[in-house]
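The same chain A turns up in both complexes below, where it pairs with chain B and then with chain C.
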Partner chain A sequence: MLIIPTLGLLAILLFFVNHQAGQDSVDRWLEMEGLDRLGDFDDDSYYKAYVQKYSELGFDKPDFYFSVAPSNYPKTLNEIANPEERKELKESLCLGYTTEEFEKQRHLEVFERHPPHNSWHAPSFRWHGVDNQFHQWIMTVVRFDFGDSVLDGRSSVKKLWEALPWTLSLVIFSIILTTLIAVPFGIWLSGIKSAQKRNLIKLCSFLVYSIPVFWLATLAVMFMTNSTYGEFLHIFPSVGVRFRESEMSTWAYVFSNIDRLLLPVICMAIHYMAFAVVQVESTINRQLSEHYIQTLRMKGINERSIRWKYAFRNGLIPILTMIISGIPSALGGSVIIEVIFNLPGIGRLLFSSINAADWNVISLVVFMIALISIIVYFVGDLIYTWINPKVRFSKTEI
Partner chain B sequence: MNRLITSFFLFLFIVSLGCKTDKKVSAHDLPIKIRLKADPQKINPMVYPVSTAREIYQYIFLSLADFHPDDLSLTPILIEALPKGERITEGKYAGGTKFSMRFLDAAKWSDGTDITAADYLFTVKTANNTSVNAAGWRTYLKEISDVVLYPDDPKKFDVILANDYMVALETVTTINPYPKHIYDPNGVMDSWTLEELKDSDKVSERLKVDSSILAFAKEFNSAKFSRDVVVGSGPYVLDQWEADQYLILKRQENFWGDAYPNNPFLQAFPSSLQFSVVPDEATALTLLKSGELDLVPGMSSSSFDALRKEDESEGDYRFLTPQLIRYYYIGLNNRTAQLSDKNVRKALAYLVDVERIIETLELGIGTRTIGHFNPAKNYYHPTLKPVEHDVTKAKQLLDNSGWKDTNDNGIRDKMIEGVLYELDFDILVSASKLGQRVSLIFQESAKEAGINIELVQKEFRLIRSENIAKRDYDMATLVSTSDAAPVDPYDKWHTDNDVIGKRNETGFGTTESDEIIENLRAETNLDQRNIYYHKLQEIMYDEQPVIFLYCPKEKMALRSSFNGKSSSNRPGYLANTFEYAPVQEFSEN
Partner chain C sequence: MKESRVTYKTLHPEGKSLPLSLLIILSLIGLFYPFISNDIPILAVDSDGIHAPVLESVFDRSKNLSRESTEYDWSLKPLFKFSPHNQHEQCISLSPFSSCHTTSSTHWLGTDSIGRDSLAGILNGLYIAVKVGFLSSIISLIIGVLFGLVSGYYGDYTLRVSRISLGLWTLFSLVWCYASVYTTFLIFGLSIWFNLITYAIFSFLIFYLFHKYVGGLLGYSVIPIDFIVQRFMEIFKSIPNLVLLLALLATLKKASLWNVIWIIGLIRWPEICRYVRSEMLVARESNYLRSVRALGLEDFRIIIKHALPNVISPVLVSASFGFAIAILMESSLSFLGIGVPLNEITLGSMLNEARTNFQMWWLAVFPGLLIFVLMSAAYFWGQSIERRLDHRLKNQVMG
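Now for the complex of A and B:
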């Protein structure tokens, strides 16, 4: 039940971050149409185009359903398209002028203007109804239609659906690989009797964990995807993806490039694997110090069975938590891998959208990552109840 | 332990699945593979005229004329010849100028239909439809008053301008016409005249009864006409496009331009142009080395130099460095008390070691410039020499102008109208590493002469909108980019534009320079116009309104099995001219 309020709050946050971003969105749109504020066009032409675009994009509407402002403020300052004029008016309003007084004196320099005697105005509540920017935006979110991409005019949702399979493939395969290697390795590590040996292996794990992913990925690309440094190193295919054969669905296209996903998956997995090994080892050791393990030993059950059948099963919840929490982190961390390996996933989509200030796509991608994270944690909770029937949702949680 | 060994072999097995499965590139494959830094997003020159898109659409949408890669001369492509401007002496447009042109008989769209004058008229009308996202084109074409068709010759037409101006010929000939029958199959724009479209009152009036142009504009702006339907007159057609991954342009079969093999814009040597979107430069270079790319343009100086050194003995690549029509400069606000002094500005010019900047930051790949006009242009001043780095001369100028350190704080100062001014400046720099490094070198040198410069980092867009536009700055590291058309200095250097919101951001201008600019703009004789250009450069050289640094060069690596043209015109190369050829001597433009 907390999913909806969480997503709602996220939506509000995204709207206001978008709104307060340091760039003028109208300038950005016009720049893409070839009209630059300081380009080869005179101010009048630019201003006309600016006002038209400002209105088209709905920026002349109030920000939210209501506003609280001193009574000398107009209904909304957004009606003034020119940002300079808007700023000047706001400064005057702060000094206590009304809009009419500002209009009469605006031709004067600031120091020539006469402030009114009574320059304090009580705050007043203004209701704007549903004709506001936030309402328009939230309706698009509810319909899961985040608008068109500012860059290419295509639906943001369509762009996301094309990119998602790549990232999901990367994340799922890296989590599977991590689990397949880290879990047995961690259990094996916990069985090493020599503390020195165990600590040495853990130290190696920490060293691997501390290697930055971007550096590892760059080295892997440089050395292992071409023969420049020796044919023997050219183990993996080139980066990027192959051309698509006609009539191929997106998932079929992803799987036709499965070989090209292997090295990025390994780079992503290695980093998390190093961390996971130590966590698994520590979890198993904690279990092995429990009383029931001593009972099992006294019963004559062999050590391997104790580790795999009893300690592992009882330590599954923290291990599962670690694996599940790796998914959202891998989603966010896919940006670097996708840029370096030239994969068209949501990480790279986010990267290019941020560079281009394409807020519709940025909002959608952030929203989607949050949604996936929430779903993943929810599924994790369900799995806990299945693994350990003693775990139940309390009434307060539901 | 057994499980561990099993897991290890399982891992090796998985790895072996990923072993290189790439096909070797056959020597007889004729496509050329080119790196793109970013996806072009839209292929529609009117709606999205940005450089990343131009790199693609220049092969699909030809213009009537374009600037030849060898000498930047305006060269006809779709038309029989460049028109001469004729003065109109009578009639509705008396006092204006007419350009008469005719499309080549052979010129066709990629679907085989003829290119006609009606297509040109449609293009101009569409640009003037205020609901079409073509603010740039609309302003660029605002001087076109009318396009007159000839009923007995569908290929012939006249373009009427109410006022002639110096780049009128370039304006009317360098636009990319659109096929009317594809982009407006219902003939919506036919019922509107150009005069109506340019009159906002008439448009508002008519929209009350006929809103069809709104629907037309919505469709024209949409992804349909930017991605799905892309029809032009060029040698290549869009074959495949995976967003953010690659684009393939396929050579047209039986292309009409094959009849003009000497026109570089109509050549089509590669069977296809395969553009791969590779944002990361290190990845792009790896792909170049592995054979997945043939051309990597826009390289950084360090990568270019490293690859060049690496390739010295191999000879696998050609290294192209066409001159870009761009220059870097340090903008100075001539309106401040300190920088209004010409000697201070000249002293600052002497303090910038531009040679050292080119050597260290561009690894020697760059050309000094003495002013606003590119050295590649034929009106660049032939005798003026770039300002040399000379701290002694700088100090002398400052001493002569009365700037001395009277308060012993290491910074020169001077009393002006009762107020003590110090040579203490903030220089605005963006996140660009080049700008930051230039400023650091400048700062170091300026200190020797008793000038203090502090770096202030800010996002470039904000520098322009909050500081430059409002004239609220001392100095800023900036870049000026133009194209191959003759430069009109009016916007940037005439005192008419020395107001907030207009483009004379430095405050430069004298009566003499204003007069020269006005004469230059009105002059139709090219030789006389060049004389005006030279005079203006002499004044700017003397005034040093900004510190002109250098013109960068494009840096590209091309596989040596290809041979073709590079160009000063963006993007710096013409991929359609790249011919598969054995390694031989290659002369750059």
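Now for the complex of A and C:
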């Protein structure tokens, strides 16, 4: 139930990640704006552009609301844009030099000629106020404005918004397919009398469950989406999506490509179906050993009704929990499926932004996926407590 | 109690277990892969005496010992005459059971687009998969069992720590953080491991010594460690595994296999912790633990000597599932090309190559088949242990 602390902790972790990686991305921004001759700090024009971009991105602000540093440090080391200079200054300050002495001997070889001595300058407390990187980051998260992507300069929230319908439709379709096929199959399986046949089917579904999803998808793409192995196998359309006609909203784009979604949904759903069949069957069996089933049998209701109407209704709660917890796993599995089938969803966005070290988009996507998972678990808890009549009618607090 | 211990019989039900033997055989094949498929001989005799080139290349990776066999008087060659990393430009994209012009032996499973033998690549991939699986399972076991034991045994109300120790430890941690950031440790090159290990030693000394001698002076306070560990576990559980894995790997600049092993281990520990904690909650109320506490033993001894052997059994089930999932994660990572170094030939990277070249079906079928066999063997073994333990517990409760 503690959504806010979990999200808050995640935001703090993402801050550390962004803080380290973002300072390396100044070069990427400059490259995107068309500057060449990167990395050469002696070049005046590059140095000026670097310093300007560095302060524009906000890296010259202090790290946190306050800092406890030795008293020979300047107010904040972050004002120095050049990372090598910053490192040199930090090392010399550690060794006890004051800032004026560093101005005199800027180069490292001079620095090495003077052997280090341990001088422990007393720690001092400096208050930086609201103008610091951490505060900027928290405001970014709260306002949900993660900045622009380094790859093409568009706003990262816009990129996410365009990619979200693909993943959502993939996940929703595969959950629906799993529910429609696996749940009746599981109930039918629990009614099979011969234990040998039942165990054989359970063994088969366990084997299907342990097939890696990306292997199945790669085989499907290789054999069934092209004519290399014969025209009769070319059942599904080729991977990728059709070109987007202008003035089409994203949902209309998704629905125009719905035949391309068929094979990805099948590949994803097979894995969950195998898991769901075994779970449903064990849930129904557990229900069948309860006392009320004995009462129903004494009343004369036939076995088929018992399983499909009564045991299923009471076993709905664990089944629903399993289905709802399948949504976050489907989000995780969508990364691989979208990369294989070249669908422009969240998974492929994450993959391409990791390859390009595009930290704004990476933070946004990870945060979004965590947010969706937490909300789904929360809603699942709510549904579970609402559906369970014992809780609904008993007036105890959740 | 003794019934639920993990014994030899639990691991080998009725003496025969197909999944376990399959796992052991595949692990051994993976571990000894340089001896099975290599282009340098295992043992060679020439005018200088007896050499063992394969052993030399294993212990010293930089040596390149692929000499032609005609230079040796007598040599004992491995079973398959190709090494995973050697490329022959004339032999690209061969289908299975074909042989190339330059060498006389057949490529049993074909070659890939730059001429590396596919069978040797599969064996190399098997080695990496087994290595990642074992090591990350061990890491997640250690962390998960530690946290599970402590949070299950102490619960929310039992862990009493003396306030002097707590205050001293907080002060000490702050000073340590300040010192490790702002002083000469960084310059003299003392690594972060040294820092962490000395920190752990000092914390242990503070808690142990002070607790013994000066502990009671300011009274004790209760730490709700169960609550803390559960919130911690929830963070890991609420984000999908693969997404968390990708995000954590993207922060590390260097792509190395050890990073992957550590991070998979750090992601999988909540599962094991959950099992250990629930077993511990049951065991806490049982008679044998109560009697040992009544005897007055210290908590540490009770946990390690008496509780741990009895709660470890479901952990083995979870560890076998964790092994399978670690293999799956590592293959997914090398399939995507993130985290695992790109010059390593693993099962996932062979699948990735097959994804773009449709006519090389042998690159997709055989590595994937091997992943499938490994994972299903691990799952079935875990299931058989689970069934075995369930039977024993049921018999114990009834009779």
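Here is the rule we use: the second predicted complex is superposed on the first by the 348 of 398 C-alpha atoms of A that agree within 3 Å, B and C clash if a C-alpha of one lies under 4 Å from a C-alpha of the other, contacts with A are read in each partner's own complex, and residues count from 1 in each chain.
Criterion: a contact is a pair of C-beta atoms (placed from the backbone, for glycine too) under 8 Å apart; a residue touches a chain by one contact, two chains touch by 3 or more.
Only a predicted model underlies this, so the values are computations on that prediction, with no experimental measurement involved.
Enquirer: Does chain B (first) or chain C (second) touch A:349, or do both, or does neither?
Expert: Touch status of A:349: first partner only.
Enquirer: Who does A:70 touch here: chain B (first), chain C (second), both, or neither?
Expert: second
Enquirer: Let me test your reading of the model: by the given contact rule, A:211 touches which partner, first (chain B), second (chain C), both or neither?
Expert: Second partner only.
Enquirer: Could you tell me if A:362 is touching chain B, chain C, both of them or neither one (first, second, both, neither)?
Expert: Touch partner of A:362: chain C, not chain B.
Enquirer: Would you sort A:154 into first (chain B), second (chain C), both or neither based on which partner it touches?
Expert: A:154 contacts chain B only, not chain C.
Enquirer: Between chain B and chain C, point out the one touching more chain A residues.
Expert: B
Enquirer: Report for A:52: first if it touches chain B alone, second if chain C alone, otherwise both or neither.
Expert: Touch partner of A:52: chain B, not chain C.
Enquirer: After superposition on the shared chain, which partner residues are touched by A:262: those of chain B (first), chain C (second), both, or neither?
Expert: Only chain B; A:262 stays clear of chain C.
Enquirer: Return first, second, both or neither, reflecting whether A:185 touches chain B, chain C, both chains, or no partner chain.
Expert: first
Enquirer: On chain A, which stretch or stretches are contacted by chain B in one complex as well as by chain C in the other?
Expert: Shared contact residues on chain A (touching chain B in one complex, chain C in the other): 218, 221-222, 226, 228, 339-340, 351, 355.
Enquirer: Across the complex, what residues on chain A touch chain B?
Expert: The contact residues of chain A facing chain B are 22-24, 27, 29-30, 32-35, 37-43, 45-46, 49, 52-53, 148-149, 151-154, 159, 162-163, 177, 180-181, 184-185, 188, 218, 221-222, 225-228, 234-241, 243-244, 258-260, 262-263, 266, 339-342, 344, 348-349, 351-352, 355.
Enquirer: Where on chain B is chain A touching in the complex?
Expert: It is residues 1, 3-4, 7, 10-11, 14-15, 17-22, 38-39, 41-42, 47-50, 130, 133-140, 142, 221-223, 226-227, 240, 242-246, 248, 274, 276-280, 282-283, 286-287, 289-290, 292, 459, 461-462, 464-465, 468-469, 488, 491, 501-503, 505 of chain B that touch chain A.
Enquirer: Can you check the complex and tell me which residues of chain A touch chain C?
Expert: Residues of chain A touching chain C: 2, 5-6, 9-10, 17, 20-21, 68-70, 91, 94-95, 116, 118, 120, 123, 206-207, 209-212, 214-215, 218-219, 221-223, 226, 228-229, 328-329, 331-333, 335-336, 339-340, 350-351, 354-355, 357, 362, 366, 369-370, 373-374, 377.
Enquirer: Which residues, counting only chain C, touch chain A once they are in their complex?
Expert: Result: residues 178, 182-184, 186-187, 231, 234-235, 238-244, 246-247, 250-251, 324, 328, 331-332, 335-338, 348, 351, 354-355, 358-359, 361, 364-365, 368, 371-372, 375-376, 379-380, 383 of chain C touch chain A.
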